[in-house]
Every structure is written in structure tokens, then in C-alpha cells.
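Structure in C-alpha cells, see below.
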Amino acid sequence: MLRFSRFLPSASRRGFDIKEALWSGSLTFQHAVSTSAANLDERSSGKKFASYTVFKGKAALSIHPILPSFSKLESGGSRIERNGSVMLTFFPAVGQRKYDYTKKQLFSLSPTEVGSLISLGPAESCEFFHDPSMKSSHEGQVKKSLSITPLGSDSGYFVNITVLNNVQKTTDRLSVPITKAEFSVMRTALSFALPHIMGWDQVLTHQPAAPASSKPRVERPHPDSEWER
Amino acid sequence: MLRFSRFLPSASRRGFDIKEALWSGSLTFQHAVSTSAANLDERSSGKKFASYTVFKGKAALSIHPILPSFSKLESGGSRIERNGSVMLTFFPAVGQRKYDYTKKQLFSLSPTEVGSLISLGPAESCEFFHDPSMKSSHEGQVKKSLSITPLGSDSGYFVNITVLNNVQKTTDRLSVPITKAEFSVMRTALSFALPHIMGWDQVLTHQPAAPASSKPRVERPHPDSEWER
Amino acid sequence: MLRFSRFLPSASRRGFDIKEALWSGSLTFQHAVSTSAANLDERSSGKKFASYTVFKGKAALSIHPILPSFSKLESGGSRIERNGSVMLTFFPAVGQRKYDYTKKQLFSLSPTEVGSLISLGPAESCEFFHDPSMKSSHEGQVKKSLSITPLGSDSGYFVNITVLNNVQKTTDRLSVPITKAEFSVMRTALSFALPHIMGWDQVLTHQPAAPASSKPRVERPHPDSEWER
Amino acid sequence: MLRFSRFLPSASRRGFDIKEALWSGSLTFQHAVSTSAANLDERSSGKKFASYTVFKGKAALSIHPILPSFSKLESGGSRIERNGSVMLTFFPAVGQRKYDYTKKQLFSLSPTEVGSLISLGPAESCEFFHDPSMKSSHEGQVKKSLSITPLGSDSGYFVNITVLNNVQKTTDRLSVPITKAEFSVMRTALSFALPHIMGWDQVLTHQPAAPASSKPRVERPHPDSEWER
């Protein structure tokens, strides 16, 4: 029998408890979040923020989705300009249930990387490599890798980030064990998010016709647009 | 061949029939529901309520989702303040197709507990422990556990709740057998609900730009926000 | 290699082609649909109708979802009054690509029956029994059963309806073979429909606060409503 | 351990990088897209466009969903007139990271073909045959086939299109290898799109009652509409 409480620190059996402990015990984290949110909101009032965060002994991992952006076309429609993504934020523990958000490390998953993660079998691994400065003069200065490796016995995964900074001569590693239940949340949330970060939900949402365009569409082409276009 | 009608009391082959039998035969239950709904609505007019309920010989189990709450940020955006949840309500049978809603027992599933439930294999079990008074002076007075154990032969699960009250010196146990078809409904509904109780659907819904903000966003940062932020 | 075209009549390789053949060749069917839709619309203007239909040699099967209904509560909220369903409509072939819609047979799937169908393994079967007059004086006059049995070799299912009318002394049987690809469409569409026919999408949709209710909600109870309620 | 970067050209490890390379390096492609979008928008202002594109050595494959169309009924409701689809666009490489969009080949997947694709097992194949001129005097002039065959070792699929033109005496073949991660994106996006191209999301979306219709619906039929209709 799986007893999921075994995988969590004793205070973390209830989601709310972890959070309350954190809010009261870790001012550093709370403050950092507020600041970050404020910065974002200056250019995005009305936006909403929600993440899924797991707090473990040595580090915490927080995941949140980022919307795609569309650009207007001359004809009045719009086309996706940049895919959304799913941002992974790691931050190290600096004490019992205290985390230092200022030492966070970020890793942004593209749609294909999300596809890789949600199709991962129980005994499979995957690894992604990012160079934030690729194709610039700073290419190669910083190298990031994210690996997801099984804990064994179908009990979850290790999520590891390594950030190698060739300028500052530093290597940061953070690793967060994820239970099978937590990975199920991530898989479900990421599967839900994927069509949204690709913009497909916006394409597939029925747009009510504008009230003025009451004239019939006379010249509609044959449905088999495979051929005509 | 699975014949699902074998798992249900004879009158329960049709969903509506159960409900009608209950509405007419169990005033206690009907009244309790109305009261409960009324209490909720005093502080939530406009809200909608729907649950998935299975009525079995010794007890019934009802499941309904609860929305997360968001708090406003100074900048105009909002951030999730408290995750939603999925509430399980058990109530004992007090006669044929009569259930006593006043003796109900509640168990609220966090997102991670929902993740555990929806990833449960046919032969797997899981168990959750809650102390509603954790971190208060009443900690340990009441202990709740929920376990989900396989019925065997891939035919469904037993869902069991145990509530141990150390003050009143009582132990309440309720157990509801769930067929594979009913668990499929729960798994599908909970998988649907999970991104919503996490608030991700609200984050990922495209918010039409406010009509007044027609000025272009000049200073948009580089897309690779992994690095800059 | 699966070649799905082998499972379909030659004209049915393209979805549109079947439909066009039907629209032009079977006035009976077309007329019946229009009548049926008109009846519905008298009490539901603004409603939309869409179904998934497979046309086979001896019969056709059409599937469409039906919304749940909610009833207003005194407090302004609303509670689900009746679950939605998924309606299966069978109609016999009366010639090549001609179907007689007036001889249709209906079978309405409850949420739990939908759960049974979408969790069906490749070699599994299920069977449902309905008595449309259950608990009335006509109980037992008509008995319906729906069975879904594997075609073998993971290539799809037979969907069979039997309607036994003890008054008219008739037994109607219609059977439609469903390819694996068609069952995949049904499974996906029914999994999508399930939370909607249960009303959970309406419960989980964030309702923007009414503009007038600007006063803060002072007396919000503790989040751990497991215990208090 | 799977290292997905092995399946991609070195510059394609990051989704954005591919795109940027393409936008700057392939004016042909960029121009063609703009033209195509403009044509569409003349008859569909307000529409949104988003696709999922994989760029490989010899060709690229782009996938985007197309909405269904509804027609008004006299009663005020509407009925689906034509299913939506998922359009696959192949275009050949004409240099390193340069693709010629003018030589594109299109293949439109019906709902059932989408169902076939999303239920494909790791070692399974499928093949579809289209004749864009079927049932016209040009029938047989052009034959298209799309096949999806496994790469082996559960590492993805080859997606191949063959277009045989009996008039121009030409045969065009384009083939794009798809990694397991990319196929996971397609499967997830297509599973999301399927109920939408079938119009079921529009059927299942609760339509708020019109404000004028405040009179009660007196003559509502018995819920068990299986029988009465």
C-alpha cells in the first residue's frame, strides 16, 4: 500500500499546512514573491498567477504556465507570435521549511519539452539543455540542463537543474524528489496547459460573429480545402 | 462480460431512479441538502453546485469540487490565495435507500491527493491522514483517514473513511464500494477538476485587453525570461 | 499495418463524402432530423446541436451530448437538478447509404454508463439494461439493452441495441460495428463531455463577482471546511 | 536515458531558436505565410491562427486546427453544418533551415482520422487515402495518402505524404520524422482539438438564458427522453 505521507515531511501532509508554515516562517520567500509579482503586474494588470509548488528538504520546485502572445494581422485576425511555456522555478532550502527565493533558478519548458515530460514512462528519463544566450555573443557562457530521472519502483522522479556559469565560474545544482502523486498533478496540469500555451484554445474557441456582418458569405470555397489552397 | 447492474441495487440501474427514490423516500436527506445549500449561498450568491453521488447499501459517497480563491494584487492582477479542493462527503444508510445526511463525514482532497487518486493503478491503494486541528491547541483531538483499496479483479475500489475523536471517544467508519465504471467517472471528473482547483484555467484563459490600454507595450523583455528575471 | 479504410464502405473514407451522399440520397433521414430539431428548438432557441455519426452497412449510430439542467436556489445560486446524458441513436439501413430515421431506437447513457464505456479495455464488454417505464404502471412493458462487445484483435467493438416490447410483441435489434479509430473518437468526445453532463464545468468556471457586491466578505470560515461544516 | 536533443538539429533544441532562425533565414516561407493568412482573413476577420510546426532536415510539418461551421435553424438554434478538421501542411527543405512554402502539400484529417492518430500504439501504423475530387468528373486524377509508421524502439514516428498527380504525371513525397516528445504534443493537442472540431464544446457550453424569457417552462417532458422522442 502506498502511503503518500511517507514521502512528505510530517508537516506537509496537508497542502494548506505547508503553505501556512511557509508564509509564517519564511519572510524571505514571501517578500520575493510579492516583488516578483509586482514587477510582472506593472506590464500586465488583470493577469492572474497560480503555481504548483512542492517543498522538499533541500529545495522547492514551483511550476506555473505562461500564456502565448498573439500579434494582430492587417485583416483583423491575429496569429500566434510566441508560444507560451511552463516555467520551472527551483529555490534552495536555507533552514527547516525556509527557502531562499533570491537564489532561484529558472527553466522554461517549450511545448515539445512539455510533451516529453507528460509522455515519460515510469522508468524513463529525459534531459533538456538550454543556453539562454544562444546565437548571441554570450553564447556558451551559461549552460543549463534539466534532467528528470526515476526514483525507482514507480515511486516518482528526481527533477534536477544544473546551471554552469563559465563567467562567474560557478555551478549550481538543485534537486527535488517528486512523488508519483505530485508527478500526476504535474502531468495533468501540463497536459491541460499544453494546448493553451500553443494558443490552440484561442483558435478553437468559437468567436461570436460580429453583429454588423449580417450579409451572407456567398463565395465560400469547397470544404475540401486540402486541394484548393 | 462486465454487467454493471450487478454491482448496483436493483433500483439503481438508472441514475435518475436512484435520485427520485431518494428524493421521495428520504426527507431527512433532502432537507439536509437544502439547508446546507442555503447556508453556502448566503455568502455565495450566483454559485453553482453539482456533485457526483453513489448510493450503496451501507453508505453513500458524494463528491464535489470547490473553487480556489484569488486575492487582488496592488497592480491590478490577482494571485491564487488558497487552492480549491475536492470534497468527499460520506453519509450512512439508515434504511433501504434512506441516508442520514446529519451524520455525514467530510474529507477534503488537496491537489496532490487528487493527483494520487487519479493515478491509482488497478491493484494499488492509497491512504491519506488529516488532522483538522493541526498546529492548533486541539491538534490530535480528531484524526481522519481516507483509504482507497482495490476490490480485486480490476472491478473497482473500496473508499473508506475513519474518524477518530479522542474527546468524544468515538470512532466512525464508513465504507463505500465503487465500481470500475464509477471510479472512471471520478477519475475523469477529478482530472478535469484538477487544473481548475489549482487555478490554472484562470491563469491560462486569454483575458481580452482592456479597451483603454491602446498604447503599445514598448519595453517588452526578451522572450527568454528564464535568464532575465 | 492498420488500414482504416478497410473497415469502412468505399465511399466512406472521407467524412464529408458519407454525409453528402446521405444528404442527397436519403430525404427520409434529412427530413426527420429537421423535424426533430424543430421540436427541440421550440423550447430551446439558441441551443446548438452536433453529433458524431457512423454509417455502416446495416445501421447507423449517432451520438450527441445533452446538457444538465440547474434549478435556482432562493439564495441566488443554483443546483444541478438533472444530470445531462449522452444519447445514442440507432437507425436501420433501408438501401445503399439510405437510412430510415423514423425507425430509430434511442438509448440514453447516464454519467456512470459513460464512465463504463470510456474505461472499457480492448477485450472487455459491458451491457446496460433500461426500462423506460420503471416504477410506473407500465414497468416491464418495454426492455432495452445496450451491449458493447469487442470485434477481436483490438480492432474495435460491436455496439448492439435490443428493444423488447411486450405490448406490441416486437423485438428490434440493431448492431453497428465501430472501428478502433471511431471508438477513439467516442472515448475522447465522451471523456470531454462527462464533466459537462455532470455540471462540473459550470461549477468550476470562475464567475466574475457581481459589480454591486463590493463589500468585503468579512466572515469567511476557516479554509479547512472539512471540520466546520 | 532519452536525450531528445539527439533527435533535433543542433539549433533546434529551443523552440524559439528554430523559429527565429527561420524567420530571419527564409523569406520565402515568411512571405507565403503572410499571404495565406491574409487570404483567410478577408473572410474571417477576428479569427486566430496558431500551429505546431516541427522543422526537420528534409521537410517540415505544420499542424493547425480548423473550426466547424454551424448553420442557423429556423427556431433560433443552430446545427453543425460541417465538421472542423486538423490540417497537416508539409513543405520541403531547400537549404539549411530554409523551407519552400510554395511547394507545400496539404492533408486534412477528419474527426475519425484524428481518432485513429491519437489512439496509435507505439508499434502501430495507420494510413489514410484521400481523393480531393472524389465524386466529381476529376475523380482519380489526384491521389493523396498519408501514412504514419513507427521509427522503432518507441522513439517516434515517420509521417509521410504521397501525392500522385495523374494529369501532371508527378509524384511528390515528403517525409518528416517525429520524436516521441513531438508526437506527445500532437496527441495532446489533437485530443484537445477533437471535441472542438466536432462542435461538442459549443453544444456543451452553458448558454445563459435570455433575459426576456422569464416565464417558467411549464410543459417540460419527462427526463427519460429515450422513450418519448
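Each chain carries a letter (A, B, C and D) given by its place in the written order, and its residues are counted from 1.
Note that contacts are C-beta pairs under 8 Å (C-beta built on N, C-alpha and C of every residue); 3 or more make two chains touch, one makes a residue touch a chain.
Everything quoted here is computed from the prediction, not taken from an experiment.
Chemist: What shortest step count links chain B and chain C in the network of chain contacts?
Modeler: Minimum step count, chain B to chain C: 1.
Chemist: Going by the contact rule set out at the top, which chains touch both chain A and chain C?
Modeler: Touching chain A and chain C alike, sorted by label: B, D.
Chemist: By CA centroid distance, what chain is farthest from chain A?
Modeler: So the chain farthest away from chain A turns out to be C.
Chemist: Give a one-word verdict, same or different, on whether chain C and chain D use largely identical residue numbers at their interface, taking over half shared as same.
Modeler: Mostly different residues: under half of the interface numbers shared.
Chemist: Between chain B and chain D, what is the gap in Å from one C-alpha centre to the other?
Modeler: Going by mean C-alpha positions, chain B sits 36 Å from chain D.
Chemist: What is the distance, in whole Å, between the centres of chain A and chain B, each centre taken as the mean of its C-alpha atoms?
Modeler: 25
Chemist: Touching two or more other chains, which residues of chain B qualify?
Modeler: Expected reply: 16, 82, 130, 201-202, 223-224.
Chemist: Within their complex, state which residues of chain C touch chain B.
Modeler: Chain C residues touching chain B: 68, 70, 73-80, 82-83, 110-116, 118-119, 124-130, 134-135, 147, 149, 191, 194-195, 198-204, 206-207, 210, 217, 219-220, 223-227, 229.
Chemist: Using the touch definition from the top, list the residues of chain B that touch chain C in their complex.
Modeler: 1-5, 11, 13-17, 20-21, 36-38, 40-52, 54, 64-67, 82, 87, 106-108, 130, 132-133, 142, 144, 179-185, 188-189, 192-193, 196-197, 201-202
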